[in-house]
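Next up: the structures, one after another.
Note that chain A is present in both complexes that follow, paired respectively with chain B and with chain C.
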Partner chain A sequence: MKRSRGMGLYCAGLYAFLYLPLGVMTAFSFNDAHRNVVWRGFTFKWYRVLFADAELMRSMLTSLELAAAAAAIAAVLGLLASYALTRHKAFAGRRAYSALLDAPLMMPEVALGVGLLSFLVRAGYELDFGALACAHALICLPYTVGSVRARLKSMGEEHLEEAAMDLGATEWTAFVKVTLPLAMPAVVSGCLLAFTVSFEDFVTSFFLAGIGIVTMPIKVYSMMKFGVTPEINALSVLLLAATALLLALNAVFASGPDEASRA
Partner chain B sequence: MNGESLLEVGPLTKSFGSTAVLKGVHLFVRKGEFMTFLGPSGCGKTTTLRIIAGFESPDSGRVRLSGIDVTDQPPYERDVHTVFQHYALFPHLDVAGNIAFGLRLQKVHEAEIARRTAEALALVKLLGFEKRRTTSLSGGQMQRVALARAIVGRPALLLLDEPLGALDLKLRKEMQLELKNLQKRLGIAFVYVTHDQEEALTMSDRIAVFNHGRVEQVGTPGEIYESPKTSFVADFIGGANIFSARVLPGPSGRARLLLEDEFELDVPLDPGETLPDAGKRVRVAIRPERVKVFYKDELPFGSLRFDATLKDSVFLGDACQIYLQLFKKAPERMMVASAGGDRYAAHDDLNVPVIAAVQPEDVYILEPDENA
Partner chain C sequence: MGKALSWLLGGRRPLASHLLLAPAAGWLIVFLLVPAAGLALLSLAKNGAYGQVIWTFGLHNYRRAFDAKYLPVLLRTFAFAGGTTALCLLLGYPLAYYLSFRAGRWRNALLIGLMVPFWTSALVAFYSWMIILGKEGLLNAALLRFGFISAPIGILYTPFSVLLGLVYFYLPFTVLPLYASLEKVPRSVVEAAYDLGAGRWTAFLKVTLPLSLPGVMAGGLLTFVPCLGDFLTAELLGGPRFYLLGNLISNQFLMAQDWPFGAALTCLLLIGLIGGLWVYRRWEAEDA
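== the complex of A and B ==
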C-alpha cells in the first residue's frame, strides 16, 4: 500500500507540473486585475476586450483561413500520394518518395523556413497568402499522409477495390465508390491534425509572412513584448478549448473506420 | 479447341521478382463445369485464378474466354466474377447494397435490381437480411453475401478463392454441399481454389492438381484418385506409399517390376499407359487402404504377396495405421497399411511376421525415378 501511495504522489506531482500552469492561466483569464499576481474577483472582461481587438480578430481569421487552405491542400496531395504508394506496383524511388513525405516531420523548421524563403525570393515569387498556404501544406503533409496511407494499406489487404473492379467498376469508379468513402474518415482525421499544426505554427509563418500577413501566433508574439496580459491568458484558454475539441473530433474519426470495417 | 470449352488458359508463366510462380500452366474449363484447382500453398493456383480474373497479367501465355482472347482486358470488362477468400464485402454498404453494386454500375433499372437482389438472397438463404450491415454478419453469412454478390450478375464463370477457408469444419461441410447444389442449379462454370483434397474430391467435376507452378494432372476425382500419374498427386490426394522400382523385360500390356530391388511384381498396365525401357527405374504408389494384412497364409486369389514384419501400429479411432517392414536392404522404407480400428495391434503383437497382400491393379506406376 505504501508503494502505491508513493506512486500516486508521483503521478499527482507529474500532472501538477504539466497542467498547473494551464490551470493558473485559465484562472487568471477570469481575474479582474491587470496584473496576474493577485486574485481580485471574477470577470469576463478580458474575453470582451479580446473580441473587441480588431487586429487580433483579423489575425485570428487569417490563421483560420490559412489552416483551412493548408489542410485542404495537404489532404488532396496526401490522398493522391497515399493512393500511389499503396495501390500502384513498385515504381522507381517509391521508398525514397515515401520517406521524403515524412521528412517535414523531422526537418528543423528553421532550416525549412530559411530554405523556402530564399527559394521564393530567388524565384521572384511574392510572399503572399498563397505562398504561406503552400509552405504550411508542406509541414501538414506528413499528417494527412500518415493517416490516409495507413487506412488505404489496411483496405488493400481486404481486396475491396479488386472486388469493385471484379463487379464491373473501372479504377476511377472503384476509387469514387469504394476507396473514397472508406478512406474519408482517415482523410478528415488527417485534416484535423493538419489544421491544428498549421493553425499554431509560428516558425514557418514568421519566416515567410510577407507584409500584411499576420497570423494569430505572430500577433500573440508581438503582444507578448509588452508582458503577459490577462487578454493573452483569455486567448490561450480559447485556443486550448478549440484544440481539445479538435482532438476529440479526431479521436472520433480515427476510431470510426476501424469499427465500421471490422470483419 | 474443345467445342464445349468456356475458358482456355496457357501456357501461363509468371514470376514475382526472381521467383517463378507459374511455369507453363495449361488447362481448359468446360461450360457449366465445377473445376477445382487443388494444391499446397505457393503452388500457383491462386495466381492462376487472379490471372483469369484479370488482377494479374501473365508474363507469357493467353487467357481465352468463350473463344475471345481476354488476356489484355481489365477485370471490369471480363464476364467473370470472384468470391474472395476474405469475402471483401463493402463495409460502407448494407447487404442489399453489396449485392446490387454491379447491377447499379450497369444502370439496371431499380425495380429490376430489387427483384434480382431478392432472387440472389433467396438462393443463398438470406432473405430478410437486405438492410443488415455486413459488419454485423457471421462468417457464414458474409460468405453467402459474397456469393450472392458474385452470382447476381449471372457471369459465364465464377471464380472462388478458398471461399470456405475461414469457416469452421461443420459449416464448411454444409457449405460444400450447398455450393455444389447452387452450381448445378445455376449452370455457371465454377473455378474453385482449395488446398483441401477432401473438399476437391467431394465437390468437383474435374480437378487440376497444381504443384510448383505446374499442373501435374487434370481429371475427374475418380481418375485422380484411382490413376495418379505422379508421386505428388498420389501422395497429396489420399496419401500413398511411394516406392522405387526397376523395370524388367516383360510382355506388352503388363509391367514386370523389381520393387526396391527385392520384390518382383507383375502388374497390368492401363490401356494406353506406357512404361520406360527395361532397366530404367519408375516410381510406384500403393494406397494404404488397399494393403491387406494377414497373420496366416490366407491371401485372396491373385494378390501380390509381401512377407513383412509388423513394426508399429497407430490407433485413429475408426481406423488404424499399420507400419510394415518389407525390405531387407532398405528397412527404413516401410509400407503403411490402413485397416479398421479393430485391427489395431497391441504392443505384444509387434515384431511378428505378417503377410501383406495387394491386388496387382492397385499398384500405380508413376513417373520415371530420376534420383536412382
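== the complex of A and C ==
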C-alpha cells in the first residue's frame, strides 16, 4: 500500500531522530581523536582511559550501592502497599493511598530536590548517603508499586490464595507459599526498573548530594561542564548497553509468570 | 507471631490495611508532602542580607516572581512546555497510529525500539546532542560541507536547541499513551465506517481520532507537566543565557542563596502542575 509506505518512511525518520545521538556517541567512543568530529581511526583507547579513572569508578560504585539500597526499600514498601491495595476488602482511604503512591511520578524533580534540600537543612540534618537513598527510594516507589500491584491484581482473578486457605493454610502460609513465589517475577521486574531510575537519576542527586557523595551521573555532569572528552562517549555506550540489558531482563521477568503459571 | 501476621494480611479490619500501607504512605508524607508544605511556608518568608531566612510572612516573593525581570521566564517556560507538547503530539501521533494499525509483525520490535531511548539517561543523550549541535559539531560540519553556510553557526545554546532537546526527550512519553489508546479503538467500528462508505480520511477523522482523544489528553499531560519543571535540558543545551523556570529555581537555591524566592517559584510551578492535572481530570470526568 502506498499510503502505508509513506507512513513507514516517516516513522523510520522519527526512529532515526531518536537513535541519532545514540549512534553518534557509539561511533565516537571508538574514534582515535580528542576532538570529536573528525574520524581518525578505530581505537579502544577511551574504554581503557575510562576503567583507569579511579574517581569515576568510585562514583560508579556509589551509584550502584545507592540504586541497590533505593530499589530494596522501594520493593519492601511497594510489596506491602500493593498487597493491602489488591487483597484487602475495600476500606476508607484506599483511593487516597493510590493517589499518594503515584505522586512522585508527577512531582517535578526540581521541586522534590529543593523541597528535600531545604527541609533537611532546616531540620539540621547533614546531607549524607542515607538521605540520598531515602529520596531515591521515594522516586523509585511508583515503579515497584506499579509492577507488583498489576501482578497481584491479575493473580487475584485466579483465587489461588483462597484455594490454599480452603486447604487449611493460614493467611501467612498462603502469603509465603503462594503469593510471594508467584509475585516474585513482578517484584524483580519492579526492582530492575527502580534500580534503573535511581542509577540514572541526576536531578534529585544534584540537589541532595552534599559535599562527600559523588554519584556517577554527577561525576559525568562535572566532566561535561569541564569540557568534551571522548571518555564520556565510552561511558555512555556502556550505560546504554546496561540499560538495554536491564530492559531485556525486565521483559523476561514481566512475561515470565504467565508461562510459569500455565505450565 | 504467625497469627498476628495472618491478621495483618487477612485485612478484615481497616486497621490492618492502614498498617500495611503505613510504611509507604509514611515515606511519602515525610519525604514528599512535608517538604512541599515546608516550601509553601518558606515561600512566604523573607530573605536576609546574608542568605538567612527571616520569618516575617507576606506575598512579596510572589509579587517579585511576576515583575519584569522574572515574568518572561515564567511565560517562556509555559510557552516551551506548550510548544513541546504540541510538537510531540503532532510528530508522535502518526508513529503511534502506525504502530497500532500498520506495523504488523514489526510492532513488538518497534515498541522495544521506542523503550531504549525512553530509558536512556537524559544526561547521556544530551551530551551526544551537544556533540552534534556544537560549533565544531557534526551538523555544522555537514552544513559547511554541502555549502549551506560559509561559517559555523550557533545552533547549540539557543532556544532552538532547548526545544529540540525537549521534543527529543519527551517524544516517547507522548507516543506510549497515544499508542495505548489507539490499541483500544475497536477495529470493528473502523471497519463499519468503511462499510458505510467512508473514505480513509473520513473514517480517521470521524471515528479513529475522536476515539483516541483520551490518549491525546493523557500523552499531552504526561509531556506538558514534566516540561514545566524540566531542568536538565536547558541546563545542558540552553547555555548560560537561555534558561527555564527549573533552572531559575535551582539558581535561587544553589547560587543566589535566596531560598524564600526559590520556594515561591517552586510553589508557582506546583500550582501550574496541579492546574494541568485539574484540567485533565475535569476533561476525563466530562468524557466518561
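Everything below uses one rule, namely that the second predicted complex is superposed on the first by the 255 of 263 C-alpha atoms of A that agree within 3 Å, B and C clash if a C-alpha of one lies under 4 Å from a C-alpha of the other, contacts with A are read in each partner's own complex, and residues count from 1 in each chain.
Following the convention adopted for this analysis, a contact is a pair of C-beta atoms (placed from the backbone, for glycine too) under 8 Å apart; a residue touches a chain by one contact, two chains touch by 3 or more.
All values reported here derive from a predicted model rather than from experimental measurement.
Colleague: Overlay done on chain A, so just call it for chain B and chain C: clash or fit.
Modeller: Result for chain B and chain C: fit.
Colleague: Looking at A:G168 after the superposition, I want to know if it touches chain B, chain C, both of them or none. Which is it: first, second, both, neither?
Modeller: A:G168 sits against chain B, while chain C stays out of touch.
Colleague: According to the stated criteria, A:H159 is in contact with first (chain B), second (chain C), both, or neither; which is it?
Modeller: first
Colleague: Tell me the contact category for A:P108 with respect to chain B and chain C: first, second, both or neither.
Modeller: second
Colleague: Once the shared chain is lined up, is A:L138 touching chain B (first), chain C (second), both, or neither of them?
Modeller: In the superposition, A:L138 contacts chain C only.
Colleague: Between chain B and chain C, which one contacts more residues of chain A in the superposed model?
Modeller: It is C that touches the greater number of chain A residues.
Colleague: Counting only touches as set out at the top, which of chain B and chain C does A:A69 meet: first, second, both, neither?
Modeller: Once the two structures are laid over each other on A, A:A69 reaches no partner at all.
Colleague: In the superposed arrangement, which partner chain does A:F202 touch: chain B (first), chain C (second), both, or neither?
Modeller: After superposing on A, A:F202 lies in contact with chain C but is clear of chain B.
Colleague: With chain A at the apex, figure out the C-alpha centre angle toward chain B and chain C and round it to a multiple of 10 degrees.
Modeller: With chain A as the vertex, the angle is 90 degrees.
Colleague: Touching A:P21, do we find chain B (first), chain C (second), both, or neither?
Modeller: second
Colleague: After superposing the two complexes on chain A, what is the shortest C-alpha distance between chain B and chain C, in Å?
Modeller: 9
Colleague: Would you mind listing the overlap between the chain B footprint and the chain C footprint on chain A?
Modeller: On chain A, the overlap between the chain B and chain C contacts is residues 170-171, 173.
Colleague: Spell out the part of chain C that touches chain A in their complex, as residue ranges.
Modeller: Per the touch definition, chain C meets chain A at residues 2-3, 5-7, 9-12, 14, 16-18, 20-21, 23-25, 27-28, 31-32, 34-36, 38-39, 42, 53, 91, 94-95, 97-99, 102, 110, 112-117, 119-132, 134, 136-138, 141, 168, 171-172, 200, 225-226, 228-232, 236, 246, 249-250, 253-254, 259, 262-263, 266, 269-270, 273, 277.
Colleague: Within their complex, state which residues of chain A touch chain C.
Modeller: Interface residues on the chain A side: 3-4, 7-8, 10-11, 14-15, 17-22, 24-25, 28, 35-37, 73, 76-78, 80-81, 83-85, 87-89, 91-94, 97, 100-101, 103-104, 106-112, 114-119, 122, 134-135, 137-138, 141, 145, 170-175, 196, 200, 202-203, 206-207, 217, 220-221, 224, 228, 232-233, 236, 239-240, 243-244, 246-247, 251.
Colleague: Can you list the residues on chain A that touch chain B in the complex?
Modeller: 158-160, 162-171, 173, 177-178, 181-182, 260-263
Colleague: Hey, which residues of chain B end up touching chain A in the complex?
Modeller: Residues 53-55, 74-76, 80-82, 84, 86-92, 101-102, 105-106, 135, 142, 149-150, 153 of chain B touch chain A in their complex.
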